[in-house]
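Next come two complexes built around chain A: one with chain B, the other with chain C.
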Partner chain A sequence: MLTAVGAILRKDLLLELRTRESVPAMAIFAVTTLVVFHFALDRPTLAGDLAAGVLWVSFLFAAMLGLNRLFVAEEEQGGFDGFMLAPIDRTSLYVAKALALLAFLAIVQAIAVPAFAILLLDPSLWPVLPELVGVLLLGDAGICVVGALVSAIGIRTRARDLIVPLLALPLLIPVVIGAVEATAPLLAEGGAEPLPGRWLLTLGLYDAVFAAIAYAVFDDLLED
Partner chain B sequence: MDEPAIELAGLGRRFGERTALRDVTLTVPAGATLVVLGPNGAGKSTLLRVLAGLLRPHAGTARVLGHPLPQEGWAVRGRIGLLAHEPMLYRDLTPRENLRFHGRLHGVGRERVEEVLEAVGMTARADDPVATLSRGMVQRVAAARAVLHDPELLLLDEPLANLDPAASELLEPLVGRASGRTRVVTSHDPAGGLAGADLALGLRGGRPAICAPAAEVAAADATALYA
Partner chain C sequence: MHGKGLRTLALLTALTLTAAYALVFFWTPNDADQGFVQKIFYLHVPMAIVALCGFVAGGIFGAMHLRTRDGRWDLRAYVAIHLSQILAVGVLVTGSIWAKGAWGHWWLWDEPMLVSFLIVFLLYATYQVLRFSIEDRERQARYASVFAVLAGAFVPINFAVVRMAESYVHPRTLGTTTGGMPGEMMLTFLIALAGMALLFVTLWKYEMASKNAVAEVRALRLRLLGDDDALPRRTAAPTL
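Take a look at the complex of A and B:
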């Protein structure tokens, strides 16, 4: 399975490097959303819950762009048939797609988080950067395990651009709530507060449950 | 005696209300070539996709390489090579990158990739994106992909489409009768198709109109399928 995951992931990253169809659009969308919030909220700076909410809503919307394109090359260029004919565990396709999305989100966040700090954030990010990276990874994992599954469901429908966000957004609400609650103490106005273990655990459990569901059903999603 | 490569009994397949295949019954011995003739929409490509395990039969039974489909589809994955209308190549990757990718999925090394690239005469263009290749060149790379893992059964949907005579000759040892593999080949050329086959299946509206040894089928009967 690891060989197949590696092959698919490597192919997806190579395709993105060559076509630049997803990551630049996601990054521009995330930064643009932050700029819109900057003007819409009419505040010079943000902190705490509001800052965390703005940050994760921006990431969520940017992720939707990536989700819509996650399986497009497979659907339009016969990739699905190639996988179905190969002697591999089909779940490897799901794992590779989730990891590819995780890589895309990490790149987007490497651009959007500094932009957020410059445009909107009141407290400094530097002292809490390691903790923030940890929370980002946990939240991203939730977006990726849910998103890759929804993207696979939506790709074979005629209205995939509509279906994917309509299915993904409600399913990702718990991830956003957990991620915002876990991020808010790091961005508190008077200085960072301890990470809330309860919310980190909730996020981790949600990620694990959806990963298990995806593992159980993904093979059937590819079947005729 | 070798087990037949393909055994179909009353095979049927629908798409919604439309019947694409109905009551197809035939046996293809290992190493034999079956030519599938019929006009557009007759069910030829659907038959290939059912044999490849990409579509489930809705009626009857299908055994491929000794295994019932779809129940034991896992057992034939990696033993079938499919050359369909869609080349199954990523347009923004090069032929070499595409073949290496498929090679990794099938556990095939880089030496074999270079071997098939050379066999289809694509070494010189192996590092150009597929999107920049002509349709004939794409078909050659697709043929290389189909035989990359040395499959026992080849399913070929009009394999010589878009190819000039020289390229057709180049592919003969790989996907032609000379390859020695069991083959199912769809064709719109009744005379040529029958000449290169052991068995013939003529489809009209998804139903078998001809099912006989190729030598016993008159070219006029095969041509009448298109009338």
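Take a look at the complex of A and C:
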């Protein structure tokens, strides 16, 4: 299974590197959302709860763009057929797609977080950077675990652009709650406060539970 | 023969619900704090608990469908989910009325039951859309079951997380089944809960019987008359 996951992941990353279909759009969308928030909230700088909320909403919406495109190559160019013919575990497709999405989100955040720090954030980001990266990874994992499954459900319906966000947004509300609660103390005005361990634990548990569920049911999406 | 025992079940439901709400109006004391308004609790909370269990049951039926590939499990999941969705609307409406009566606002974001039901309602609102947008019957059932499993697991997790997020701000006293409720209130609440659960089971069985009967009639018409009209039109509901 590991080799299959590696091969599919490599294929997806290579495809993205050559066509640049998803990541640039996601990154631009995330930064644009930050700019929109500046005008919508009419604040020159943000801190604390509000900063964490704005940051995560931008990532979530950018992730929706990636989700809509995650399986497009498989669906439109016969990738599913080729995959079904190969004698490999079907779940490896899910694992590879979730990891590819994780990589996409990490690149988007590597662009959007510095932009956020320059454009909107009031407190300095440097002292809390390691903790922030940890929280980002836990939140991203939640988005990828649920997102890859929802994307696979949506891709073969007639209304895929509608169904993917309609399913993914409510399912990801616990991730938003946990990630914002965990990020807010890091961005607090007048110096970072300690990380709230219970929210990290909540995020970790959410990731683990939905990874297990997705692992169990993904097979059933690929039967015909 | 479909709907066996439905008559007894319906009578039992009517009896339990009548008894429960007779007790609510004529026996239980008014809440010391909120007065008469608090009595909506005997409608709101049982509905919420039954809807929650219905969604989880839908997930279990969905898992059974994925395991056995028997269309009847998909039908069971479909009926359980859409009945729970109707109850969820009831939960939102009664919760709103309660919040207005007790606290003066139609909506309170620090009320975890109400907030998590809104999220769950929004999620399950897509269930019918998802079914309708897949034409192939077999795949529709499979994808709907995957959704049912995913969402069924999501319901309790979501509830726990939303509760955790709010518990810092407001310590909860109302709406919990423990927490020093007098004996009369507790007993009435339990009877109301049983009545609501019975109502759910009755409606579920009733709709299952109806759907099964329709499927049988259709199969007979198709076999005896070769009637093309008997073929189901495109629908979100599962057909056997």
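The rule is simple: the second predicted complex is superposed on the first by the 224 of 224 C-alpha atoms of A that agree within 3 Å, B and C clash if a C-alpha of one lies under 4 Å from a C-alpha of the other, contacts with A are read in each partner's own complex, and residues count from 1 in each chain.
Following the convention adopted for this analysis, a contact is a pair of C-beta atoms (placed from the backbone, for glycine too) under 8 Å apart; a residue touches a chain by one contact, two chains touch by 3 or more.
Predicted model only: the values in this text are computed from it and were never measured.
Bringing the complexes onto one copy of chain A puts chain B beside chain C with no clash.
In the superposed model, A:83 makes contact with chain B only, not with chain C. Contacts of A:223 after superposition on the shared chain: both chain B and chain C are touched.
In the superposition on chain A, the chain among chain B and chain C reaching more residues of chain A is C. Looking at the shared chain after the overlay, A:18 reaches chain B, while chain C stays out of its contact range. For the three-chain arrangement built by superposition, the Cα-centre angle with chain A at its corner and chain B and chain C at its ends equals 90°, in steps of 10.
Fitting both structures onto chain A leaves chain B and chain C with a minimum C-alpha separation of 6 Å. 223-224 are the residues of chain A that lie in the contact sets of both chain B and chain C, per the superposition on chain A. Within the complex formed with chain A, the chain C residues making contact are 66, 119-120, 122-123, 125-126, 129-130, 133-136, 138-139, 142-143, 145-147, 149-151, 153-154, 157-158, 161-162, 164-165.
By the touch rule above, chain A contacts chain B in their complex via residues 3-4, 6-7, 10-11, 14-15, 18-19, 73, 77-79, 81-88, 223-224. Interface residues of chain A facing chain C in the complex, by the touch rule stated above, are 146, 149, 153, 156-159, 162-163, 166-167, 169-171, 173-174, 177-178, 181, 198, 202, 206, 209-210, 213-214, 216-217, 220-221, 223-224.
Note for the complex: chain B touches chain A at residues 52-56, 70, 74, 77-78, 80, 82, 84, 86-93, 97, 101-102, 104-107, 129, 145.
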